[in-house]
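Just dropping this structure here.
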Amino acid sequence: MSRPVTLFTGQWADLPLETLAQKVSSWGFDGLELACWGDHFEVDKALSSDGYVRAKRDLLEKYGLGCWAISNHLVGQCVCDPIDERHSRILPPRLWGDGDPEGVRQRAAQEIIDTGKAAKLFGVDVVNGFTGSSVWAKLYFFPPTTQDDINKGYEDFAQRWTPILDSFQADGIKFGLEVHPTEIAYDIITFQRAIDAVNGHPAFGANFDPSHLIHQFVDPAEFIHEFGDRIYHAHIKDSRLQLNGRNSILSSHLDFGDRRRGWDFVSPGHGDVKWDPIIRELNRVGYQGPLSIEWEDSGMNREFGAQESLAIVRKNDFAASNVAFDAAFAKE
Amino acid sequence: MSRPVTLFTGQWADLPLETLAQKVSSWGFDGLELACWGDHFEVDKALSSDGYVRAKRDLLEKYGLGCWAISNHLVGQCVCDPIDERHSRILPPRLWGDGDPEGVRQRAAQEIIDTGKAAKLFGVDVVNGFTGSSVWAKLYFFPPTTQDDINKGYEDFAQRWTPILDSFQADGIKFGLEVHPTEIAYDIITFQRAIDAVNGHPAFGANFDPSHLIHQFVDPAEFIHEFGDRIYHAHIKDSRLQLNGRNSILSSHLDFGDRRRGWDFVSPGHGDVKWDPIIRELNRVGYQGPLSIEWEDSGMNREFGAQESLAIVRKNDFAASNVAFDAAFAKE
Amino acid sequence: MSRPVTLFTGQWADLPLETLAQKVSSWGFDGLELACWGDHFEVDKALSSDGYVRAKRDLLEKYGLGCWAISNHLVGQCVCDPIDERHSRILPPRLWGDGDPEGVRQRAAQEIIDTGKAAKLFGVDVVNGFTGSSVWAKLYFFPPTTQDDINKGYEDFAQRWTPILDSFQADGIKFGLEVHPTEIAYDIITFQRAIDAVNGHPAFGANFDPSHLIHQFVDPAEFIHEFGDRIYHAHIKDSRLQLNGRNSILSSHLDFGDRRRGWDFVSPGHGDVKWDPIIRELNRVGYQGPLSIEWEDSGMNREFGAQESLAIVRKNDFAASNVAFDAAFAKE
Amino acid sequence: MSRPVTLFTGQWADLPLETLAQKVSSWGFDGLELACWGDHFEVDKALSSDGYVRAKRDLLEKYGLGCWAISNHLVGQCVCDPIDERHSRILPPRLWGDGDPEGVRQRAAQEIIDTGKAAKLFGVDVVNGFTGSSVWAKLYFFPPTTQDDINKGYEDFAQRWTPILDSFQADGIKFGLEVHPTEIAYDIITFQRAIDAVNGHPAFGANFDPSHLIHQFVDPAEFIHEFGDRIYHAHIKDSRLQLNGRNSILSSHLDFGDRRRGWDFVSPGHGDVKWDPIIRELNRVGYQGPLSIEWEDSGMNREFGAQESLAIVRKNDFAASNVAFDAAFAKE
Amino acid sequence: MSRPVTLFTGQWADLPLETLAQKVSSWGFDGLELACWGDHFEVDKALSSDGYVRAKRDLLEKYGLGCWAISNHLVGQCVCDPIDERHSRILPPRLWGDGDPEGVRQRAAQEIIDTGKAAKLFGVDVVNGFTGSSVWAKLYFFPPTTQDDINKGYEDFAQRWTPILDSFQADGIKFGLEVHPTEIAYDIITFQRAIDAVNGHPAFGANFDPSHLIHQFVDPAEFIHEFGDRIYHAHIKDSRLQLNGRNSILSSHLDFGDRRRGWDFVSPGHGDVKWDPIIRELNRVGYQGPLSIEWEDSGMNREFGAQESLAIVRKNDFAASNVAFDAAFAKE
Amino acid sequence: MSRPVTLFTGQWADLPLETLAQKVSSWGFDGLELACWGDHFEVDKALSSDGYVRAKRDLLEKYGLGCWAISNHLVGQCVCDPIDERHSRILPPRLWGDGDPEGVRQRAAQEIIDTGKAAKLFGVDVVNGFTGSSVWAKLYFFPPTTQDDINKGYEDFAQRWTPILDSFQADGIKFGLEVHPTEIAYDIITFQRAIDAVNGHPAFGANFDPSHLIHQFVDPAEFIHEFGDRIYHAHIKDSRLQLNGRNSILSSHLDFGDRRRGWDFVSPGHGDVKWDPIIRELNRVGYQGPLSIEWEDSGMNREFGAQESLAIVRKNDFAASNVAFDAAFAKE
């Protein structure tokens, strides 16, 4: 009756999937959200090798784990981004190729289409990920930046992603953009703008993740309220302000984990996110998919954290009311 | 005894300097901080034409106005920036040239050197401005960004600006970087990093401006305390948070003046900046230069605002104590 | 260029109008918002006596005062209210009659129609006031109260006020409801509901008054933003929370002026209302009518307060920007 | 040693008592606070039928449940209220009769006397409930309302309730008014006024319930401190502010559960009530009665909520200190 | 009609009285509160020399200044204090003598009696000052400190001060203790305890000073409300928290003016004190004495500050209401 | 892998050690921090009697308990304090002697040296305690107090404690000062000053205890960050503000447990201390010693509290991360 709780494997890609599955199963998780890197879920093999997806499912079933979504943030990022050397580090050579930006972007776009096809084969109907953005870097409007300049970014997004979304739709797959700084959408205003840019394409929605909203001072529950029917997946992740008059909310080009940053990611329950209003809104909009823990905390033991997070999610995931109170008292 | 109050002319470049000087004088300002665009202060003419700087001084003196600094933000921005079409809009054709990025950057660097020389001719010893930054756009560390990546940006800054600073120093000119998002330094941490990058070059300091710090949650008085001997100039400018759970502190790629932004510039006294602690710290560190109003408020009449700002600065600019209290009571 | 500042005469009805006009004029006000009680503006006389409105205008002109609105809160209150003995104290005998509730309500409704006609004769196009409400007293939903119960109250309002509004519209008069607890609308939600109840009747709008919103924790600027084209008049009035863990926001059935209340009215500038965002929104929505000080503070000398309030309004009433900043800097 | 935890049955009156008892017992509750509606506790039957109260006790004992109080809010509400059609929905026909207000009030008063007698038969010494109020609806003092007007309401309360309280006292029963908006007392000030109105009648006290105080900004622990010896019973219930600048603390005539309200009831631990100071004060004043969960949350599954609430109460109910610290350290 | 505004001369004792009087008069003050050190008001001379007080009055009148109180904090401090070398610095040799603690305390007590007599001669009826305290230093209860230990301090205070207060009363003089850390009373609780210790002696009251309360988080207006009839004099002085997570509210044994302190004195209007509620309470309790600026701000020019303070007091000192609002509207 | 959790026995000295050990063991603690009073750890016996320390160890081992530190706050307090009768209550007669202050101080100093020797015999390398202070009582700088006055206090501390610290160092013992009001150091500034006074003596460090910092508004995590390598031991203890405008942060010379105080000690988890940042900083600085619960809460049952505290510590004590996140995602 309560929602399945999964672990997103992206931060555990240093472990072979089976090792991870065994751990996660013993901790009591219901399933995994597989990252399309490491050996967790390989799109090319899924499409090219007959038994690949079956073998993955078998492995998960061996440990009693389900899977409701696969995620391909790294490749998605390259679809719209201006490409620089950092992208070479997150792509396999077959996609990086010669590194020519437009070529990289086009190969990335095709890989995302393929990810949708692989998802279908694998039997999940949600692909999460990033989109990249040609205008993110123009965030602060200096040199003077016009709405025309920004509109071009949204048009570029629409042009590159509409074919992907069409392909997804044809296969019954939904794309959940993890709304996130560096992407075409990172808050309520820009996600609406992105939806409008693709004319409300039904395959385009959100992988809701409060950790990217809360440090922007955006109320995560308000995001769910606003985009109720486009919440295709949900991450459980937390972040925390650590402002003291000397720290900047922009975080000073410092690494995650540096205490001089203005905010940082922390294990769920250790940050500023309030879970009750989120669960309440997820109930109101009827979201019944997994609550997927994306675990990242530079100051905590990873295995301790994953288990504590699971306990916290289980404790906080309550169902909606099934009775109506007549104001305060049942009628006689 | 109190500090001179000037108006920065950058936001008034649509008015001929004389028109502006006449207004500003009648409002009671002590002087102007001349922008190096419009006809306010033209570097090329100052260096090439014998009487140019004398004529400027005469014009100011005609209206009883002083000048303690000139400012060249627009050209400075192009010294380190990755160049895109927005830069073409802020540069004169002679500097934009064919728009080849490296060429633009080098011509901009030379122009800043020339600005220093023009300042010397004109008789001021502070040039304010921007530096640009090759790494600003990598602010949010995704795709994964290493400190090596960022260090390259500071090295680039040091390489391009050290010759400029050397030239300034030779001429007795100080450069006041307006610490500001989009620049090599925008908060306490990054300004320190920039100082370190140029090995504490004595010509390198700050044009202190609280409006760019306060919306980052950086305490402006703390900035002055930290960098007391490098405060070469000071702007009076204000900004204000307008967060309500739906707005993002990152301001959603929206224009200034759009009420859906998470913060915006407002006329001094209408925002979140507290002036008392700033004046107190300026007193403590011994800053005796001008308080220069950079006026920008998308929701207020400009002339009303400039006059109100002047009144606010006059009211708030108090001198340090010249007696010592023996704790609470003078000794008998 | 700035808006006229008037004084609402309702709290000064103990003074003959001429006495008040003389004072107010000497203090520097631009005009009066006449209350339809005391001898300030008598609707019956205005309609029955030829020279009445001319004489009023003459009196105002003698003191250099304008008038942009008349206000009839007391009679308006009786149009929809369940009538009790308190209403007898705010009505003249000709309207109270035998006190039969439905008779009182109907006579009050007719008097409001007449007030519109008198306003037309007098040459103002705004009548401010209250509406009363048959459901206000059911505010807290116990005994259990359904939306059907509440809807009846809005239907009653529509039925009683539509004829009034039609008459106003025919005469070119607008009705400004002072959105206020005890009325059919007292916040953003209920004012929208009231507008919907009269099908968006063009004669129905608001006499904006922040003092009734702020202690409800409703942001007054948001109210203006939401109902921009229905702001027909504006009061300058302030209120203040005085909560300490022992006081109730519901104010404990205590008199105004009792310090044990959870909030109280105070002179403008002494309360929780922030004027800058209000002026900014009034500018955005294009409101150019008077700023009318409704002065009420149980703890301050009335004449001191009226003059201080005028000074505060003058100081805070700035005009909108008439230049566009190109982000931060005018283009070269 | 810790206090018994009971569930108030008022919000579960749709379930037959035995069904509820079975559930509640299996969840680990210590007992029930029986509502005098549904089949939970029927006053008329208790007084007229020989075996009724014995059978109720047997049923409770069958499931190992105790009972320390019965509650008759619905009838109590009708003792002082102006009666309207909403009251017909909360009364049985034998009490509503022809609906003539004074008749309803008098029958309700007699029923409360009978409730005390039934309580005595049943073997509990606390009856909780409401009082109604003839002046609640005059909360906001417009039309102008005098202290004389309000005093009449307290006199009416005293006149109607003194006979009830006398009867209770004769039977050794205490009445715990659930201090609550819509009642004669809803905060610290008004509860004192009500106590004074009945001359400090020893049978008159409070059913302490923090959920009705906290959204008024009244500190619940302060309430206990103030009225320590009149805390006759205690509810565990929670409410939460959801103010965002658009919502009103008065809740806009919206149903419970509507997210546009300014506050709403939520399951204990999900709201603004802090339990530690409440337990601490209950310890200080020596309250040893039950902690009775009145569960109401429009956004949560009822059975999940009741169980979670029980766990929260158990966790938070600590005993007072039984040692004295000699400042910080025991003496040597 | 508004209260006289005076300057306390204690922090100006480096200036001869005439120099100070001339300045203060030119700034627009109404008078001085004379300190009994420097040459401002010498108790011994006032009692021994015939023309001394007449000459002082003449000097004040020459500059149009009044005087409503004299103040002898330094000597008063020595009445109850454990005496150490710091006291030698605040006493004249004739009072310090051989420095034997009990002798110092007794001479100080006699000097305060004499101060009252001198005040009478001079024609003022209020003497302000300190009391010292034998238990202040035991503030933090370690080593373990009992109420018996503390009671001894209040008994000592009563024993030493009752004769002084009796003498004052005989002469029609009131003593205004500046409630202040280091004294027998420094907040609401301890001032009540001190009043009780002297059995409510009518000559014992407060020189209200909000700057010593606000950094203790005591609401100054609440202090006035609590002790309305014992407010014998009022200081206008301000202090400000400067807490940032590194500073201690106990101020770390650092000098005033050190920015690392947790709080510091600042010029009125620059600190945390809110003047409106103070004026309102002074009005409510009927205080009509002077508002005496005790100016102390380690970071501001003294002469600037005194003048700004005067302007702030003038602006904030409003009178009570002299009309009753009938709720919101005058009756017709 | 996680840190051992111990109970400090100081507040349980009314119980024989074996009784306490049995309880604590059954509750699941890992060990005890023994107080050097009661029969818990007697320094004189440890040094004079052969089997004493062995017997203590045997007793602890019998209950499976470890010991990592002993604590001698009471005697330490007397090393630097001005001695008054309160000290007689915390010292044994052999140390109090005739009560002559200097004699008491010297005997106390020797006893602390002996405590170090006893610790060595017992096999622990940390002694916690207090230092006393000759200047604490001069906290509030009136009568005027100079830095010279204060410096004398730090010199006195250095003179008295350096021999102790030298002896400790020779024996491989570290002294953990519980930074605490009434001691030579009570916050960040004063602890640094104390370290400087003893020239950074390696035997001098902190027994970190957040309950003494948080009510001073000092961030406990910042303290750890600042003094990472001098955190020799850690207490888990909590305190809580209870300010309401009437209470003073200085706590009004009221006993612990009096609700009118501005703050009070409470059981861990019930106060203002946030444990996550503390654990995070302890991890960062590499502290691996015990987390020792010093339990003190005047409003809670002691045995309930100790057990709850243990559970809270266990829940909150997480280890540092042992993987590096590459920003947000592991590299492919």
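Before moving on, here are some points about what is shown:
For clarity, chains are labelled A, B, C, D, E and F in written order, and residue numbers in each chain start from 1.
In this section, a contact is a pair of C-beta atoms (placed from the backbone, for glycine too) under 8 Å apart; a residue touches a chain by one contact, two chains touch by 3 or more.
Quick caveat: nothing in here was measured; it's all calculated off a predicted structure.
Using CA-based centroids throughout, the chain positioned farthest away from chain A is E.
Counting every residue number used by either copy at the chain D-chain F contact, under half are found in both chains. The chain with its Cα centroid farthest from the Cα centroid of chain B is D. Once the centre of each chain is set as its mean CA position, chain C and chain D turn out to be 39 Å apart.
Spacing of chain A relative to chain D, judged by their CA centroids, is 46 angstrom. Separating the CA-averaged centres of chain C and chain F is a span of 63 Å.
Residue positions 74, 89-90, 141-145, 219, 244-245, 255-256, 327-329, 331 of chain C each touch two or more of the other chains.
Listing the residues of chain B that touch chain C in their complex gives 10-14, 35, 37-38, 73-74, 89-92, 244, 255-257, 259, 265-266, 270, 296-302, 304-305, 308.
Listed in rising order, the residues of chain F touching chain A in the complex are 219, 225, 276, 280, 283-284, 318-323, 325, 327-332.
Chain F contributes residues 244-245 to its touches with chain C in the complex.
Put simply, chain C touches chain D in their complex at residues 74, 77, 81, 86-87, 89-90, 135-145, 147, 149-150, 180-182, 186-190, 193, 215-219, 222, 243, 245-256, 260, 262.
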